[in-house]
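Going in written order, the chains are labelled A, B, C and D, and every chain counts its residues from 1.
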Amino acid sequence: MESKKNDGRETCGCSIPEKVNKRLKSGPTIVVVNGIKIGGSEVIIIAGPCAVESLDQLTRTALSVKRNGAKILRGGAFKPRSSPYNFQGLGEEGLKLLREVSNETGLPVVTEVLDTRHIQMVSKYADMLQVGSRNMHNYPLLKEVGMQKKPVLLKRGMMATIEEFLLAAEYILNQGNDQVVLCERGIRTFETSTRNTLDLSAIPMLKSLTHLPVIADPSHGTGINWMVPPMAKAAVAAGADGLIMEVHYNPDEALCDGQQSLTLNDFGKLMNDLRKVAEAVDRNIS
Amino acid sequence: MESKKNDGRETCGCSIPEKVNKRLKSGPTIVVVNGIKIGGSEVIIIAGPCAVESLDQLTRTALSVKRNGAKILRGGAFKPRSSPYNFQGLGEEGLKLLREVSNETGLPVVTEVLDTRHIQMVSKYADMLQVGSRNMHNYPLLKEVGMQKKPVLLKRGMMATIEEFLLAAEYILNQGNDQVVLCERGIRTFETSTRNTLDLSAIPMLKSLTHLPVIADPSHGTGINWMVPPMAKAAVAAGADGLIMEVHYNPDEALCDGQQSLTLNDFGKLMNDLRKVAEAVDRNIS
Amino acid sequence: MESKKNDGRETCGCSIPEKVNKRLKSGPTIVVVNGIKIGGSEVIIIAGPCAVESLDQLTRTALSVKRNGAKILRGGAFKPRSSPYNFQGLGEEGLKLLREVSNETGLPVVTEVLDTRHIQMVSKYADMLQVGSRNMHNYPLLKEVGMQKKPVLLKRGMMATIEEFLLAAEYILNQGNDQVVLCERGIRTFETSTRNTLDLSAIPMLKSLTHLPVIADPSHGTGINWMVPPMAKAAVAAGADGLIMEVHYNPDEALCDGQQSLTLNDFGKLMNDLRKVAEAVDRNIS
Amino acid sequence: MESKKNDGRETCGCSIPEKVNKRLKSGPTIVVVNGIKIGGSEVIIIAGPCAVESLDQLTRTALSVKRNGAKILRGGAFKPRSSPYNFQGLGEEGLKLLREVSNETGLPVVTEVLDTRHIQMVSKYADMLQVGSRNMHNYPLLKEVGMQKKPVLLKRGMMATIEEFLLAAEYILNQGNDQVVLCERGIRTFETSTRNTLDLSAIPMLKSLTHLPVIADPSHGTGINWMVPPMAKAAVAAGADGLIMEVHYNPDEALCDGQQSLTLNDFGKLMNDLRKVAEAVDRNIS
């Protein structure tokens, strides 16, 4: 006898809006970022520094992560920082560096947009627009990225339920843009030994409710570099369609989030391990 | 260049008591339950019903999970239930059934003890004593199991920090019993789509701080049977030394927690998948 | 012997930025909204509907709450709603109604701004700009309201720590605008019987750390209209410098948040009760 | 027009068991502790040290708090401590001191019981049995105190929902003992500036659902002595039937929880303030 399959809708106790709803669409959505397909059998790895710092930094990192199998480059030009006195990113200068390194290496780039007034500018340089955790409830921003012709990486708010996360995605789809990748990146709980609590159960739950691809961010999800490898492997085992991870050639000198960045070497080793886990769950990393 | 390895102590921001502290002991602790070793290279699977209901139920389940590779049988005789009007378990009658089925099948048994007055009785029948999530802060109970010559399965309180969890284990070790297995079983957060939030990051965090084995309970951690397989695989990928899972030959008729129980068939399939994941992370399930 | 007074800084375990820091300024900041002073001995009551719906609705409500002692009128023209299919507010039309009713009644108005592109427009009509809970981490918005010559009502993010809340205020002060009122409006916890958990301990904690005025929002803090009176009284007893509450002449027909709105009658009764509590803690409501 | 009164049952979204249910009993339950009535118009103050340390400490504290209006003395003889290396209480010796000071001063005493094996012994000395936060889910203990002829002070688990809290009380009433006082003492949230988050909304919510008296513990609820007065006043304003507070004649030398203890002087001042707040909400403190 088989377990009765719950349909997710009843399981989560929530009401799933129509455009993101798995039941109301046949088959999964594949999000295509300059030729790279997210949501198929391949587990897509996105890697790069927290913040764009210089051409040299970005080029070295990009070449190294590409050689090890990353398919998309990440890097922040506008950084949402808790304190006004922390490094806020290079702004448009950072976007130009991202475009330049993307052209050189062939890796598409994803970068965060914080302000509705910057969307046109960011869209000029980036291949994929990221809406970060702090902006998951920023509805004007969601509507605006929904009007662009760019794929969107939508991170779960650190305080957002699964239902609110799907409603945020619905804001984007409702404007005509269905190229949305959902990213679990850790929620806030009482536990303080990690920066956030990476909620890996969100991966199977979301995949049961929506046709959109789901990836995980073990760097922000843990906040600690040595915890990234086990949690990255766990995310792939749980069914993630991809991972986004912070990598820096010298974490100790990173202008932001160095404590959660992998070195280039550690990233290379991790990729080998991830290939084995992906195969064990009938996926692959090329 | 390698990441600087954090030592855990600083990472978790907590102070680790001496007897559970990994730094103050050379090598991991292997917990032996009637010959079954937890904490070595093999990932140990504990399976069985939420509650002992009858000889027939327990025997059928035990034989089936054993055939599929489970090494220890679980089953509750004293059940901590939120409502006084719910089934509270068979009590000593349940313990006798556990012993009988253990003797028949050769599977050691683990069962929960709720009350200091029952420890002698439970110890007479069980091979391993479980202290459940609701009793992680029950210090008289911790001291009492620390005085027994039985291995202990200590579950994390649903709102216990990593530091409090380790202090609870310290209570047991401090009485002279170092045969303690720690079990992550889901914490309580704002998210309501799952019963609890299985905090898999607790696995690498605990393993960096203590020499004790660490396992996971994806049944209570999710509360939903179809989520058990992905989360079980994720736990093994994250480095768990074992898993404890609820299995019932007819979940729809289970006297407790049927909605989170795997069928016998589903358990068999999952075991095959788990073997592949275990190998991918250089572990094994025999 | 007196208790040794903790200085707050050590107590909260956090680092308080300089411009909001109570220690680095002599005396409290009084925020003046069109002549109404927040932060002095009077407890200032802000009241009005969740959303501006019509001239009639707003006028009736304004006249009634004014008669009962409210000093500022609230009303949303741009509403941040979890679902794209819910009423999103009347937009500029709503702002015009707010201005009209303000001019008629003499009550200054506070309304929320969601989008950096709307700040000039909202500033044209409103006496005070509200940054809502979902935008507490929206740094471009914080910077932009910091550049206006308008007082700001900054709500605590529903999962923001005290430290993050003060850092968000620092973003505003750092742009030259020190007319900021902090508002505790409920945090997200595991408890589901209320919409949020109104964290009244934030009031004395914030007042020990910063010179800015602190008010509470028992309407969002509980989400249930009959809980507003006891929690409003509790907030005043805990030392709040003011309250913001939702009032509707017919909650059952409100276009948003009717279940947490007081009727005009209930508001009148509550004001009488609040006057007594204010006096009991050496404050007053005129 | 009046707000439609929600009946609580629907509001909390939970199912309230029969014996604690307000709807199924006419009028509130008055709990009588050696002549002191909790649940009537008087707000009852319980005060005393965290732990019983010596006859001198207890006598001085008892005489002082009695003079200032406290009606019941608290003091721990068995202390549940996170670490096995912390002071665990004086045990039966502490109980004898409590009895002695009670007899001298005429103040009834409440003290915590941790272990089912100690209930007879504790009952011999105490006028009221406390089940602490860590034992709210300890069902054997709840059943056992339900079989005693002593009033019970049941503290909310730091991780317990309102529904679970009422179910725990139901365990006691179901054994025939309806003399149960519920105590909100702070829940665990993400916020770390206070020890716990005192959930004052639990007071009106519980009072709408059950006929049992409800009190608050601002000492554990905040963990910081200077925060006790504002939160004590807030609790009374929110409708609490009483307060329990830690008082020590020299907090700096207290064997436990000194940082949250009031001095004798501070307690005296607070009592004067509380009388005014109680009157403002039509209650009294004699």
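Before moving on, here are some points about what is shown:
By definition in this document, a contact is a pair of C-beta atoms (placed from the backbone, for glycine too) under 8 Å apart; a residue touches a chain by one contact, two chains touch by 3 or more.
The model shown is predicted, which means the values in this text are computed figures rather than measured ones.
Between the interfaces C-D and B-C, more contacting C-beta pairs are found at C-D. Compared with subunit C, the chain whose C-alpha mean position is the greatest distance off is B.
Between subunit A and subunit C the centroid-to-centroid distance comes to 34 Å (mean Cα coordinates, whole Å). One inter-chain figure worth recording: subunit C and subunit D are separated by 33 Å, centre to centre, where each centre is the mean of the chain's CA atoms.
Once the centre of each chain is set as its mean CA position, subunit B and subunit C turn out to be 47 Å apart.
Within subunit D, residues 159, 163, 188-190, 192 each touch two or more of the remaining chains.
On subunit B, the positions that touch subunit D within their shared complex are 17, 80-85, 88, 114-117, 134-135, 137-140, 143, 157-159, 164, 167, 170-171, 174, 188. Chain contact summary for the complex, subunit A toward subunit D: residues 188-190, 192.
Against subunit C, the residues of subunit D that register as touching in their complex are 1-6, 11-14, 159, 161-163, 187, 189-194, 197-205, 208, 221-222, 224-227, 230-231, 233-239, 249-252, 262-266, 273, 276-277, 279-281.
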